[in-house]
Each structure stands twice: as structure tokens, then as C-alpha cells.
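Pasting the structures in now, so scroll down.
Both of the next two complexes hold chain A, though its partner changes from chain B to chain C.
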Partner chain A sequence: MARGPDIDVPTLREFRDIPAIQEGAMAHLSPFVAKPEHQEPLGFPGELVDNWQEKAIDKMGDLLGKYRALPVFLDSCVKCGACTDKCHYFLGTQDPKNMPVARQDLFRQVYRRYFTWAGKIFPWLVGAKDLTKEVLDDWYKYFHQCSECRRCSVFCPYGIDTAEITMAARDIMDHIGVGQKYSNEIIGKVHTIGNNLGLPTPALINTLEGLEEDIEEETGIAVRLPLDEQGADVLLVTPSADFFAEPHVDGLIGYAKVFHQAGIRWTVSSHASEAANFGIFIGSYEQMHKVSNRIRTAALELGVKRVVFGECGHAWRVAYSFLNSLAGPWDFLDPKYPTPQHICEVTYDLIQQGALNLDPTANDDKVLTFHDSCNVARGSRMGNIPGGQFDIPRAVLKASANHFVDMDPETICEKTFCCGGGGGLLTDDLLELRVKGALPRMEALKEVVETHGVTHMAAICAICKSQFSKVMPFYGLPMDMIVSVHQIVSNAIQLGTKE
Partner chain B sequence: MSYELNGSTFEHDEEGYITDMSIWSKELADLIANEEEIAMTDEHWEVVNFLRNYYDEYQVAPAIRVLVKAIKKSFGPEKGNNKYLYELFPYGPAKQACKIAGLPKPTGCV
Partner chain C sequence: MGLVTVTYALLFYFAALVLVVGVGAKVYQYAKTPAPLIIPTTPAPTTQMGVVFRMAREIFLFQSLYKANKWIWLFGFIFHAALVLVLLRHFRYFTEPVWLPIALIQDIGVYAGFAMVFGLGALWARRFLVERIRYISGPSDHLMLALLIGIGLSGLNLRFLAKTDIIAVKSFFLGLMRFDWQPLPGDFTLLLHLGLVLTLMIIFPFSKLLHAPGVFFSPTRNQIDNPRERRHLAKWAAAIGDAGKD
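Then we have the complex of A and B:
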């Protein structure tokens, strides 16, 4: 078994020209299929069912009736081509099926065949196709080469959201027994253990106590990282990677220091020890609902007044956009604060109030840039002004560090490029895709490294952080170049001066 | 999908993680390491043993930070860092060392 696959890392494009297409360039790549033990606990069939074609069409009909946007997206594409060169996976792989319109067409051809009169009578005239095993295989491959980042939809004149189509396709595949191992195994762990990583309560206690020791050793100040503390004001819901991985842990230390200095009583919950909600990745409303409800249960049991989310991109989208309908009403929380609230909003507000003592010279050894995470950028907001999701994390960074530069404006804010590992693709079996999909971000990053001496890129998403630390070495960049936003805050905060 | 050792077969998943943790042995660890192109040294064993002990207690692999701290304690500050762990296990200390230690692969946003 090879240590790591030999990946043909794409070369950086000097003028960002649109690459020539290479038919079938990624036709060899599909993620591991979920086994019955990953499928069945989520209520999906263990393996491909006998009458899969009929079941798939039934499910498609069900989704077309349930989600009004889906038929609109399928009917309204005029093949203008605006989306074709906007996908990081197309730019990095050159496979034409990774053009958003072509990806949508994998779904659209089947929709036309079974749900439009023209496709039923003259399929050859309207690009309608039977749902064959070959088509299903293409679905499995290419709907797992979309990170649901929605960059293409920013450029679509009709606002067609490819992510919604990918989610529908994955949902249909789950219902006929063809799920993706990575996402479905992880959702199972959330239900049985409480978080994506499968950290049981004793491991959480051990981790948090270890971090308390580390902070005290380093700063001389006792900062608490409480678990399941009744009567705390804030329930912090954060990705379990924050308890486990680098540089995520440094962000968690940053949140703890912010709460400490501001005198906010907070707690993590062992029941809701995960912010991530992979239900959105697999397009399952039922799973999104079940995963979200843990947060409600924990908030009620602990009697908190506020719910704050840590640095996790898609979790913030699910929280900001859907939490009320998934797990509301939240009328038992303090109405003075938004529900839910992002940790960047909390820190930003405290900075405005002068409640934090930040010394930006503590980060003078760094020149920072910021990677906007797709779900935060295009699926949510922060604060009460448009674009707050772009301005607030940057304001937090600039208050904590003296040297900050943005990357190419075509690659940030609402036009940000996905890290290459979002949407349930952060798995080793898709490493080739992840490396290639990181190309546009790596190009923009290298540019500011060369022109402005950027040394670190900060992010507010667990997936982005893990993805970058894995793929940056393929592009000759050090893995520790990626940092958490609250890691920068953590370096700057002067403990013992304000509390 | 299985490893062959002394005439016996040991099942593993698509990525080489053994599916039944109880079948692990030092010989099997050596074989897995060999497949991973790693020659096991005392330092490698120290990491593997630490992972197994931690797993026994907590039913999960330790965070990188915890592992780094333990290695620092055993081998001193020049080896107690992430970089050194990556030198030992180039494909990622958590994932590759867990495979050799016979533990499940840590998956999530990591």
C-alpha cells in the first residue's frame, strides 16, 4: 500500500487562462461507497436495491415536489456558459464534466426523460437520457467532485445553485443504497458518540484539561475550558476538530481566552460536541434536523442564555440560515443577542466595546491574509450589515495583527474559491481531487506571498484548515501556513490586564 | 482485502486499517509499517505504544497536541514537535501511526 498517491499537481497558471478541456480526466475517481453499517443507521438501504431505477425516479419526483427551487434550476438553464470556468474542480482537473453546467446536466438529462413531456416523447431531441447504470456511475463520481461551494451560482444569470442539484443527487443515491462512506460514517458517529471524530466524554474532559494546563503554563493565567457546566451563559458549539487537530486547537484556545477576558461564563456540551452538520452535504433534511436538534437539547439542559458557534464554515451556514426552522423556536434564549451568534461576532462586539486588550505587535512576525470559507461567504452573514461575513473576520484579524493584505479580489468575499475539500470531500480517497481543486486558491495565495511577503493565511472553517494543511505542501507551501482566526486573537490578547 | 502473516489472513478496509482491533500484534504492525514503507525504530514504537495506551483509556486516538506533548516528555523538546512526528510518519502522524497501531482511522474534519 503506497504511503501517498503520486499526484500530478497542476502547474500554476501565469495568466489564469481557462485551461483546455480533457475529456474523462477525472473519470477514474470516486470515493469509497458506504457499507451497510454506515447506511442502515441513517435509515438508508445497505446496498444498491434491486429496483433501484424505479426507486431513484420516485425519489426524484418526491424532491421535485418538495423543493420548489429544484425544478426551477432544472428548467431555467439556457446554456450561456457563464459558469463553465468558475468551478475550482474544473480549473484544477480540466475534466469538462466538472463544469457546473455539465454536472447539472447529469441530473437534468434524467429529469427531462422522466418528468418533461418532450423528454418522454423525443428524448434524443432534448438531451434526455434513461437512468442507466452508466449514468448512475457518472452521478456517483461527479456529484462527489462538487464541494457544494456555490461559486458558480454567483455568476449564473439565473442564480441556478449547482449545490442544490448535487445535494438532491446525493440524497437520491443514499435512498437507493449508494451512499458515500466518509459522510455517512461520520453522521453515524455524531448520533452514537456525539461528534464527527468520535471523541467520547472522557476524552473531551482530558483534552480540555490538557489545554487549561497548557494555557496556564504559557501565560501564568488560569483560563477555564468548561464542559457540561450548568448555568453557563454561553453554549459554545464548535467543530470537534477544534479539540483534536492543528491549527484548530489554537483557535479553541483563542475562544477560551476571549470569554475569559470578557468575563463570559461559557461551556462546551458533551451532547452537542460538534458544530458540523454533514446532513447538508448529503442533502438530507431529516439528518440536518436530527443533528441540529442535539444543540437544542443541550441548550435546554444546560440552561444557557446564548448559543455561539466556533470556526466552522458549513455549520455556520446551517446555523445562520436554517437553525430556527430545524430546531427552533429559540425563545428561551436571551433576546438581547442574536441566535445563533458566531464567535467572530462575539469577539468583534467585545473589541468595539473595548472589553478586550489586544496587542497586535504580538503577531508582528506574520503577514496575514484571509481565506473566505464558501459556506460563510455565500450562505450566511455576520453582524447586521450586508457583507458583515467578510468585514467582521477581517476586522478581528486587523485588531490582532498589524500586517494584513487581501488576495486577488476575484478570489475573495462572495467570489472566494473553495479550499478544495468542502462538501463532504475531505477524505483521503479523494486526495487527488482535493490537491487539484486547491489550484485557484494556491495561485492567489502564492501571488500575495511573492508580492507582499504573506506568511500566514487565516481561516474560519475546520475543513478549510485541515484541507490546506494537507494540500499546501503539494504546492511547495508549509503546512503550518494555515492558521485559525482566533489563534491570531489568542497570540494578541493580553491576559491579566483587563479581567 | 487482507494482510497475510505466517499463513494467517487479517482483514483490513480499503485503506489498510485492520477491521478487528483484537487481531493486532507487533508482527502485524511491522508488516503494516512495511507496506507503508516505514522502517520501525524505537521512536516509531514509542508513538505506536502511546497511541494504543491512550486508545485503551479513551476509546479514541489522542489529539496531535497530546501526542506531541508525550513525545516531548520521552525524547526531549527537539523531537517534541509536529515536524518530527511527520518525519516519523510522513503521511500524517495521526492517520498513518493509527494504521500501524491497529486503531481505527480518525475521520472527521481532520
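Then we have the complex of A and C:
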């Protein structure tokens, strides 16, 4: 397995020219395969089933009838090439199978062979292929070199979203017994323990109490971080990394201070102590539903009026775009607020109302930039206006800090580059891919570091934060450059002046 | 009634049937397949009217392609815009009397023929010259361009060099439409042009030309960004939801 120093870190491209292709450049890399103990609790076969080929084709047919996107995307591609230079994994690895269209074609070749007349009669003409073991191996490798970030879908003239193809391929592979260990093990933990990191309730209580003490020590103000508090107004659902990892935990402290100053009664739930929903990564509606339903149960049990999500990219996509479908209707909550809400929306609204006292000079030691997380940017919204997902976090940052600079416009907002660790790839067995996939973001960041003296990059995604902490040192950037948006709010908020 | 006329007449009926039934079946498949989750590529419009405008920008201006690559956009746009004019120009062979707008675009339609061949040629050149696009191009991608260029060149040839009895050609098509067959001139360029068009009609529903109906059904483009306001639930997904709810 690739270890830190052995990774051939790509050199920054001076003029962002599109790299030449290098066939097979990443053919050696695939993530650990799930063991039966990771597969079976999710209802998937433990290992490759005997009639896997037949099962896989059946599953493909099943999915083609369930998701309109699949037949439309598989039929519509004209191989125009618009997407070929858009994927961060292609730019960082040069492997042509990491070009979105080529990745889709791994799936499309099988679709054509078994589901289209042209592929059945003239396979050589339309690039149709039997689903052989080699094809399956390619699937496992390259559908785990896609972070489902949707950047390609922005540029496709037909809106073809490779993420949808990747999800379908992973779902099919799970159903024949070839799952990915990292994602499936984590989903298992959510079901048995309640969160991705496997933090049991006593540990959660300890952590939250410890944080209360830290805040009081630092500010002299008693700020509560309640767990399972009946009758709270807000249920906060946040990624479990917020409970202990850096810089995530500083964000959690920020949310607590915001709720405190605004006088909002809130609580975390031990039953739904995780915002992440890896069901989306493996393309499983069933798992997404099951994981989402914990939030419904928690909201009902605790009798809350609002559900608010913490800083987590894919969790916000699932929450914003899918939660109503998966675990709605939410008619038992307060209709004055949208369900769910993002913590940035909450903080932004409070700033608008003048309910928070923020002193931006508290962050004068920093020059900030903002990394748009892919799922937030291209798969969700904040506020009432399209693009609010770009403006609201920036407005929160600018209200909390005086020095803010955006990166190259070609690398932010809807064109943002994935951190390189999204989509279920945030695992050390894929570290080489993660380092290489971070290239475009690192280039844009280094540019503002050099031209504007940027010292910190804020993000609103637990995966982005963990990924950047890990890979930035490979590019000669300090790991503590990455900060939470609510960490900046936390620094600026003047406790004891409003409440 | 010669063999050529009978063959082409039957082939045109057959090709028209394949085109209509084939594309119809695909459209039916796309329309009836549920879209269980809301997946517009955001920022996306929050109203139906907004979606209509977004789709219009995609279909008439190729907005996303413009963001992606100015060369592909330019050549692709030239080809498609020219194709529309060329197709409109050909309406005169199917209408009697010829509609006024069709009569008015006859000249520009001829220029469009050249533009169409130019756009196609440029797109084809990219398939050889750009390494990434060379990698993703298969035999069918090259053949499709060859077919379209063949149609364009044979058509231009008919207009300028190997002129045919165009009045007779028109009677042939009007005859086809009225089920009153009239003889088709037998010159090679005409038969080649029509033969290539027949091929295109027949392969349409089985090829990547499905991008034409497909784009209208693309959920990342045609969905409204309103998931918090409205609950979307496909039938099969509802069954999972009900089973899992306590």
C-alpha cells in the first residue's frame, strides 16, 4: 500500500494546461474489499456470488427501471469531450479512465451489450463489452476513483452526472458481493452504534462535557452542549468528526456559541449522532433511507421543532435534496422554518436579525479563503435564492473576519474542485489517489497564498477538513491551514454581550 | 414504376416507421421511468418557469457546453444551427404550395449546407487531433460523422454539380405522403444522398443521436430545485419508506 513519502506528488502546473494522458496510470489502485462482516449486516452477499455476472445484469436492469437518469445518461452521451478535462482525479493522475466519459463508458459498454440492440448485434461498432472479470476489476478500481462530486455534470451539454453512474455501479457491485470496506463498515457502525466513528453514548457525553468546560475556561461563560435533551427547539445533526477531530470540533464549539447567544434551546441526539449518510456513496436508496430515518425517530422522540445540520458536504446534499423524500413528511416540525436547515443558514439569519455580536477583528491574524464543498455547491442550496450555498457561508465568514479573498473563479462556486477525498474515498488505502486528486485545489490555494497572503482556508464539510489536513503537507502547506467556518464565527462571537 | 422507385419508396416508409416507433419507444421509456430523488445540478431554478428557461438555454444555446469548451461549442453550434436551416430548407420538397418562410430561407439554407459540413469536419478533426477525444472516440463515433458529412456533401453536390430533376424528386416525396407513388430519378448522387439519409433515420433510435430526445429528460437539467418545499416520492421508493417507518 502506498505510504506517505512514497507517493509521487504531482507538480503544480504553471499554466494549468491539461495534462497528457497516461494509460493505466492508476490501474494499480483499488480500495480494500469489504469482508463478509461488513457486507452482510447491510443485506449484501458476503463475497462474490457464483452467478455474479447474471446477478449484476439483473441488478443493472432493475436500476434502469428505477432511476430515469440512468437510461437517459447512458443513451445520450455523444463523446463530445467536454468533460474530459474536468475531473480532479484525471487532472491529478492523468489516467484516461478517470476522464468522466471514460469512467461512464466502463458502465456504458456493459449496458450496451446487454440492453441495446446496437450492442447486441454490433458490439465492436459501439464499444459494447461482455461483463467479464476484467471489466468487473476495472469497475471496482475506477468507480472507486470517482468522488461523486458532479463537476463533470456542470459542463455536460446533456447534464450527464457521472456520480449517478458511479452510484449505480457501486450498488450493483454490492449486490454481487464486491463492496468497499471503508463505506460499508462505516454504514454498519451507524446502524449499531449511531455514528460513523463508532463513538458510544458515554464517550459522547464525556466529549460534550469536556467541551463545555473548555469553553467556560476560555471565555468565562457557561455554554451548554446538550445531549438528548427533551423539548429542545433544535435538533442538531452533525458529522461525528465534529465531536473530536481538528479542526471540526472548533466548528462545533462555534455552533454552540451561536445557539447560546441567540438563546436557542438545542440538543444533539445519541440516536442520530451522525449527519453523514454514506448510503449516497454506495448508491443505495435503502441504506440512505435507513440512515435518514434515524433523524426522524430522534426528532419525534425529542419533540424538537426544527432540524439543523452541521458542517458536512454530502450530508447536506442528502438532507437538503433527499431528506423530505427519504424520511418525510416533516409536518410535525415548526412550519416557520424550512426542514432541514443548514447551520450556516441559521447563523446567517441571526446575523441579519442582529442577534449575534461578532467582532471581526478577532480574526485579524488571518487572511481567509473559502473552499466550496462539492455536494453543497452542486447538489444543494442554502436560503431562498439559487446560489445561496455560495453566498451564505461567505457572508458568515465576512461578518466574522476582515480579510477574505476568493480563489480563482474557475475553481470555486459551481466549478469548485473536490477536495479529493469525497464520495467514500477518505480512506488511507486510497491515499495516493487522494493526494493526486487534491492537485487542482492545491494549485488554486497556493496561488492566493502567494498573491494575497492567504493563511487559512475555511470549509463546511467534515470530509474536506479531514482530507485537507492529511494531504496539504504533501504540497508543502501546513495542515492547520484548514479551518471550520464556525471556528471563525467562534473566534469572533462576543459571548456575554447579547444574551 | 422502376425498381429504384419501389425500393426507395418502401425504404422510406420503413425508415420513417423505425424512426417514429423507435424514438417513441425511447421517449416512452424515459417518461415512464421514475426519478425518485431530486438531483438538479445546482444552482438550479426554483420555479417551473425557471426550468423552462434553463432548458431553453441548453437546447438553443448549449449553455453547459459553452462553459466547458469554446471550440467544441463553436463547432457543435455551427453544425446544429446549420442543420436546422438545412432541414427547414428541405421542407419545400414536402409542401405544395411551399410555405412562405421556407421559400425565404432557400438561399441561406444552401450556405448552411456548407457551414454544416465545416462544423462536422472540425468536430471530426478534434477526434484525431485532441488526444483525450481520440481516446474516447469509437468506430461508431467516427462513422456517425462520416455519415453526416456524406449526407452534407452529397446534398451540396446535388445542388451545384450533379443536378438532378428536382421537380421529379419533389413529386416522388409528395407521392409518398399521399400514397400515390411517382417515379424517382435514378441518378447516382441522388440515390446516394437519399440512401445515407435513410441510414440515418434507421439508426437514429439505436445510436447516440438519442441525445436529441434525451436532453429533455435529463433530471440534472429539468428538475426544479424545491425538495424542501415539496416531497417527491416514486412508487417503488414509497414502498421502502413505509416498510422502514416506525
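Going forward, the second predicted complex is superposed on the first by the 494 of 499 C-alpha atoms of A that agree within 3 Å, B and C clash if a C-alpha of one lies under 4 Å from a C-alpha of the other, contacts with A are read in each partner's own complex, and residues count from 1 in each chain.
In this section, a contact is a pair of C-beta atoms (placed from the backbone, for glycine too) under 8 Å apart; a residue touches a chain by one contact, two chains touch by 3 or more.
This one's a predicted model, so the numbers in the text were calculated from it and none came from an experiment.
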Partner chain(s) touched by A:Pro360 [first = chain B, second = chain C, both, neither]: neither
Partner chain in contact with A:Phe32 - chain B first, chain C second, else both or neither: first
Contacts of A:Gly383 with chain B and chain C, given as first, second, both or neither: neither
Contacts of A:Pro123 with chain B and chain C, given as first, second, both or neither: neither
More chain A residues in contact - chain B or chain C: C
Partner chain in contact with A:Pro71 - chain B first, chain C second, else both or neither: second
Which superposed partner A:Pro41 touches (first chain B, second chain C, both, neither): neither
Chain A partner contacts - residues on chain C that touch it in the complex: 26, 29-30, 33-39, 41-46, 58, 62, 64-65, 67-69, 72, 76, 123, 126, 130-133, 135-141, 143, 203, 206-208, 210-211, 214-215, 217-221, 225, 227-234, 236-237, 240-241, 244-246
Residue ranges of chain A touching chain C (in the complex, touch as defined): 18, 20-21, 64-73, 75-86, 96, 99, 101-102, 105, 116-118, 124-127, 150, 153-161, 164, 285-286, 289-290, 293, 296-297, 320-329, 338-340, 377-381, 384-387, 389-390, 414-415
Contact set on chain B toward chain A in their complex: 14-16, 35-38, 57-60, 63-66, 69, 82, 90-92, 94-96, 106-110
Sites on chain A touched by chain B in the complex: 1-4, 32, 182, 185-186, 189, 195-200, 202-203, 206-207, 210-211, 214, 239-241, 243-246, 248-249, 276, 312, 426-429, 462-463, 466, 470, 480
